[in-house]
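First chain written, first letter: the chains are A, B, C, D, E, F, G and H, and each begins at residue 1.
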Amino acid sequence: MPKAKVLIICGSDSDIEVMKEAEGVLRKLGAECVMTISSAHRSPGRTMKLVGAAESDGFEVVIAGAGFAAHLAGVAAAHTSLPVLGVPLDSSPMKGLDSLLSTVQMPGGVPVGTLGIGKSGAKNAGYLAARILAIKHPEIRAKVKEHIRQMAEEVESKAKSLKPSKG
Amino acid sequence: MPKAKVLIICGSDSDIEVMKEAEGVLRKLGAECVMTISSAHRSPGRTMKLVGAAESDGFEVVIAGAGFAAHLAGVAAAHTSLPVLGVPLDSSPMKGLDSLLSTVQMPGGVPVGTLGIGKSGAKNAGYLAARILAIKHPEIRAKVKEHIRQMAEEVESKAKSLKPSKG
Amino acid sequence: MPKAKVLIICGSDSDIEVMKEAEGVLRKLGAECVMTISSAHRSPGRTMKLVGAAESDGFEVVIAGAGFAAHLAGVAAAHTSLPVLGVPLDSSPMKGLDSLLSTVQMPGGVPVGTLGIGKSGAKNAGYLAARILAIKHPEIRAKVKEHIRQMAEEVESKAKSLKPSKG
Amino acid sequence: MPKAKVLIICGSDSDIEVMKEAEGVLRKLGAECVMTISSAHRSPGRTMKLVGAAESDGFEVVIAGAGFAAHLAGVAAAHTSLPVLGVPLDSSPMKGLDSLLSTVQMPGGVPVGTLGIGKSGAKNAGYLAARILAIKHPEIRAKVKEHIRQMAEEVESKAKSLKPSKG
Amino acid sequence: MPKAKVLIICGSDSDIEVMKEAEGVLRKLGAECVMTISSAHRSPGRTMKLVGAAESDGFEVVIAGAGFAAHLAGVAAAHTSLPVLGVPLDSSPMKGLDSLLSTVQMPGGVPVGTLGIGKSGAKNAGYLAARILAIKHPEIRAKVKEHIRQMAEEVESKAKSLKPSKG
Amino acid sequence: MPKAKVLIICGSDSDIEVMKEAEGVLRKLGAECVMTISSAHRSPGRTMKLVGAAESDGFEVVIAGAGFAAHLAGVAAAHTSLPVLGVPLDSSPMKGLDSLLSTVQMPGGVPVGTLGIGKSGAKNAGYLAARILAIKHPEIRAKVKEHIRQMAEEVESKAKSLKPSKG
Amino acid sequence: MPKAKVLIICGSDSDIEVMKEAEGVLRKLGAECVMTISSAHRSPGRTMKLVGAAESDGFEVVIAGAGFAAHLAGVAAAHTSLPVLGVPLDSSPMKGLDSLLSTVQMPGGVPVGTLGIGKSGAKNAGYLAARILAIKHPEIRAKVKEHIRQMAEEVESKAKSLKPSKG
Amino acid sequence: MPKAKVLIICGSDSDIEVMKEAEGVLRKLGAECVMTISSAHRSPGRTMKLVGAAESDGFEVVIAGAGFAAHLAGVAAAHTSLPVLGVPLDSSPMKGLDSLLSTVQMPGGVPVGTLGIGKSGAKNAGYLAARILAIKHPEIRAKVKEHIRQMAEEVESKAKSLKPSKG
């Protein structure tokens, strides 16, 4: 079976830094990913071509991160039948409320699976993409489960190192 | 000179009722207009074709009305060099805050002239389109000025009929 | 290959009516689904058992719909490695802003793919689940594509029936 | 009678700094407290065990502080019959609106007594816990009353030192 | 030991209907309660007298429900050392956002344990008051635990009656 | 001394119903008032003339009630040195948040004393105008004090009629 | 006639810096003012005494500035028949939305004339108090008018110094 | 034909920096523009004169940028029949939500084409003004189209320089 592959699109080059969180997570969990830049508004043709070809290019999930009136994930969902995940970024003075509502409030029929605003959202886009890929790629399922186990362990160990704080 | 012509696009058939306000205003002020339905998400191809051909079809302004994560005006602005006006509609449980932010918070370079939420916004899209057309069509300028004069007169006459309310 | 199967959990019996939208979409697109009730707060034990067993029970996606401080999807994501989709419902006086933020703003590591508030969100949870299942079940991919095609067609035919409205 | 004892749970180690305000207040007012870390999402098992054992471990009040979609207090309230107080933290780009609504908008039957966002909220969680403990521990009642008296006195003395400002 | 007793204050007579939810819960769980009307603004003297005497009148918890700029709970907390719970009501056009922020955002030193907006919040004020009383009154602890058990059971039975909905 | 006189301006005839609350209060407290209609936007000339002449016409306070982007009070404050009170009305889909912010967030130098949204705000504009007039008209002071006394009394009597509700 | 006198109350010593804007404006316009600290919650007795005596102490207007759940202005309005102006401060993580709603959304009968959030609001509280005092103190009216004239002049002169910017 | 000319009004000198974005865009696209300062509230006379003469002074579009309760664009729209574009600035503690709603929520009949908050909005006011002028000035149409082409190209080239990031 070919390797699990995710397409990550950043709406602008200033979004790359944050969206690298998604990329990092996916690589850690064993998925391949391609990260690129394309704007729903400034390069609509490129966006359509990228997204329209995503399935035949072997991608199984699309992640789109954008700020302001963030249409990127919605536009992506309109041009592919792959699952599209949207990460609203807090680049405008509205601190991400604008991009959250622009991403999540999609009309019925064209779904975007929306994650939280900014860095944690980007990270979670990676984790959700991995959970999605895992329904077909068992080796990713194993890594997701291992990550879930590790998170719990980390909390335990942090709590332990706090012990002297008991009063 | 050919008649001033405006393209009005409704994101869904349930938006027609409200967007007719724009159409009514434009006809009253002497502009021709074509109203149609096309969704940024459910019929992206149709939207691009409509908007992409708007200039060569003789339209001078595009008005787009949509609810929820309202991408229609933004998508239109990405596919034409005509001025695009956006009307955020209050069809979702968020009462139009979602569509307002999705319409107005466009990233730099791809402008949407946004009007208020719902019915008054639709009406004002008509009035703003007329003011825009008026920079080229002097007969519309005259009608816009007449409308401005009438609004003031109407307030005066309503105030007069209130007179007995002096205490 | 066994049939694609989705678990739909409603936070309360008053959420069933809305969440049936997700169920209807999934059946139409050829997925099997089980809809049940369990609250993150009032029946935490039941919720954990349901979600904890979801993978071994053959489910591939979990959808959770809840209102108020909607923790159901987040709690589900904490107890399974399956992809979890959350639908914020507008049952409180805050009209869904509370449930949207409670569902979407998950901390890094435990992702919830969040859909829009209320009915359209429920519908889209169905459509997103189908797109996810489609990466493994090609017969669902075909139906998702057919649905995308139908939506565009429907818009065209509605636009046609509007034609006399040209002025 | 055993000493009054409060369990303080921080959703993440980055929340400890702020939650120490609660601990400081409680120690000052004569209550014992144990502060630890546990996440509703990353270590759900640990959270349940901690909270589930709180009563038998001799705790009389539970305080939970968390940011983002803050489910910690709600999850705690679902696993104990002790009074649970929630402190929404402003660690996400939404500045605490997300954690406030996620903490306070609990559905009927599973109550969380919610304090304000951030530092003042953490402090007040300590003061409210003390007032609660005071219904059983009269020595704490005395200290709460003394604190109330001191606050008023402090305002008076600050106002006095301002006197020259009369114009 | 004297019976557990709670003072419920409604900011206006139009708030009584909703605040009866708190009263009903407390009676069901074996606490006595007195419900009355007093406004922080329209009858400040009465409010201070009521609250100031609450402890010596044998009350152990005070619940205050109010709408608009809801100062009632905060004013109560300033005049007693008893734990004060606040219920923000959605009686203004702002749907309770105003009363929520006015109740919960108390400055450090004067805590109000805030419940959700409206009916569920009123209900939860009753449940939280009961959990507080339970640290001194073991018979109420038993009833709180029984209620927690019943809630879970109710969900199970509702889920069972839904069974035929499996598709 | 001439009678205390207040000018009440409604931004539109649909605002009259609500603004009559201000008029009723002022008449009850012994002030004369003239209520009229004038829009900041639709009849800017009329508004300036009305407000500009208000002082010489013997008015001592101006009240302005408007909805949507409510500029009326701000515009009034720019054309008179009299105190201007603003009532934000909830006539748009934003339920008055738009008119509240448009009225209250005046830049430094041009003050508007803003009351609450809608009916209670209109009532309070009357009460605040009366308190302002009272610094010059002692007979109004007496009536304001009497009203304050009556409000407290009313609460007491409503509370009494509730007595049997003690449980 | 005695000099016009305004009482300015700051809810906390950290509010003094901002509230000095009001004091500065009032002194510039010829009114006397006393600035002091008193909290609605931490020193309720002092607040009541201060406000209750304000009229007999010769004050004609009360200004109250507070942050968080800002009850100070509302509590002041409940204890005097003088006009009370409220300045919501942005000291909490909610950036003043909490204090704005807590100050402006007063229930009918107890009015607070609310100014904008923070520094401009404090300045405007001074200007509005001056306009109020001016209805009785003609020398202040003259200074208010002079200030209005100066503001316009300042804008003109700033615009002039910008001239070279014409392109 | 005379050159295309735009009037840019800043509500205060502190808004100039941001509004220069509009000026820069317009010059780049071949339009002449005059930038000046005038406040709707502090210099209402100047604002009316400027705007009232705009048409006869040869301007074809008016752009107004203001913060706080931003009335400038609305007031401009009331005094001219030219198209008026409004840029809400984020100069107050509310981060531009106040100026956005004050600018966009205009009542029916007096339209303001509103752009996004702050810098991107100012830039887009320039781009929208250019699109409007282009309906009469074909040389501007050409430059707008060229800019649209360049934006797409820039995205492509940024994406290319990212290539090594493929994993």
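Couple of notes before you dig in:
Assume contacts are C-beta pairs under 8 Å (C-beta built on N, C-alpha and C of every residue); 3 or more make two chains touch, one makes a residue touch a chain.
This is a predicted model, so every value here is computed, not measured.
Following the contact convention of this document, B, H is the list of chains adjacent to both chain A and chain F.
Looking at which of C-E and F-G shares more C-beta pairs in contact, the answer is the pair F-G. As a whole-number value, the distance joining the C-alpha centres of chain B and chain C reads 34 Å.
Chain C and chain G, compared by their mean Cα positions, are separated by 51 Å. Counting only residues that touch two or more partner chains, chain F has 39, 42, 44, 68-69, 92, 94-95, 97, 104-107, 109-110, 116-117, 120, 151.
Touching pairs of chains, sorted by label, consist of A-B, A-C, A-D, A-H, B-C, B-F, B-H, C-D, C-E, D-E, D-G, E-F, E-G, F-G, F-H, G-H.
Those residues of chain F that touch chain G in the complex are listed here as 21, 60-61, 81-85, 100, 104-117, 119-120, 123-125, 127-128, 131-136, 141, 144-145, 147-148, 151. Those residues of chain D whose C-beta lies close enough to touch chain G in the complex are 90, 95-97, 116-118, 120, 151-152, 154-156, 158-159, 162, 165-167. Across the complex, chain B meets chain A through its residues 11-12, 39-42, 44, 48, 67-69, 71, 74-75, 77-79, 92, 94, 97-99, 101-107, 109-110. The residues of chain H lying in touch with chain G in their complex are 13, 16, 23, 27, 32-39, 42-46, 68-69, 92-95.
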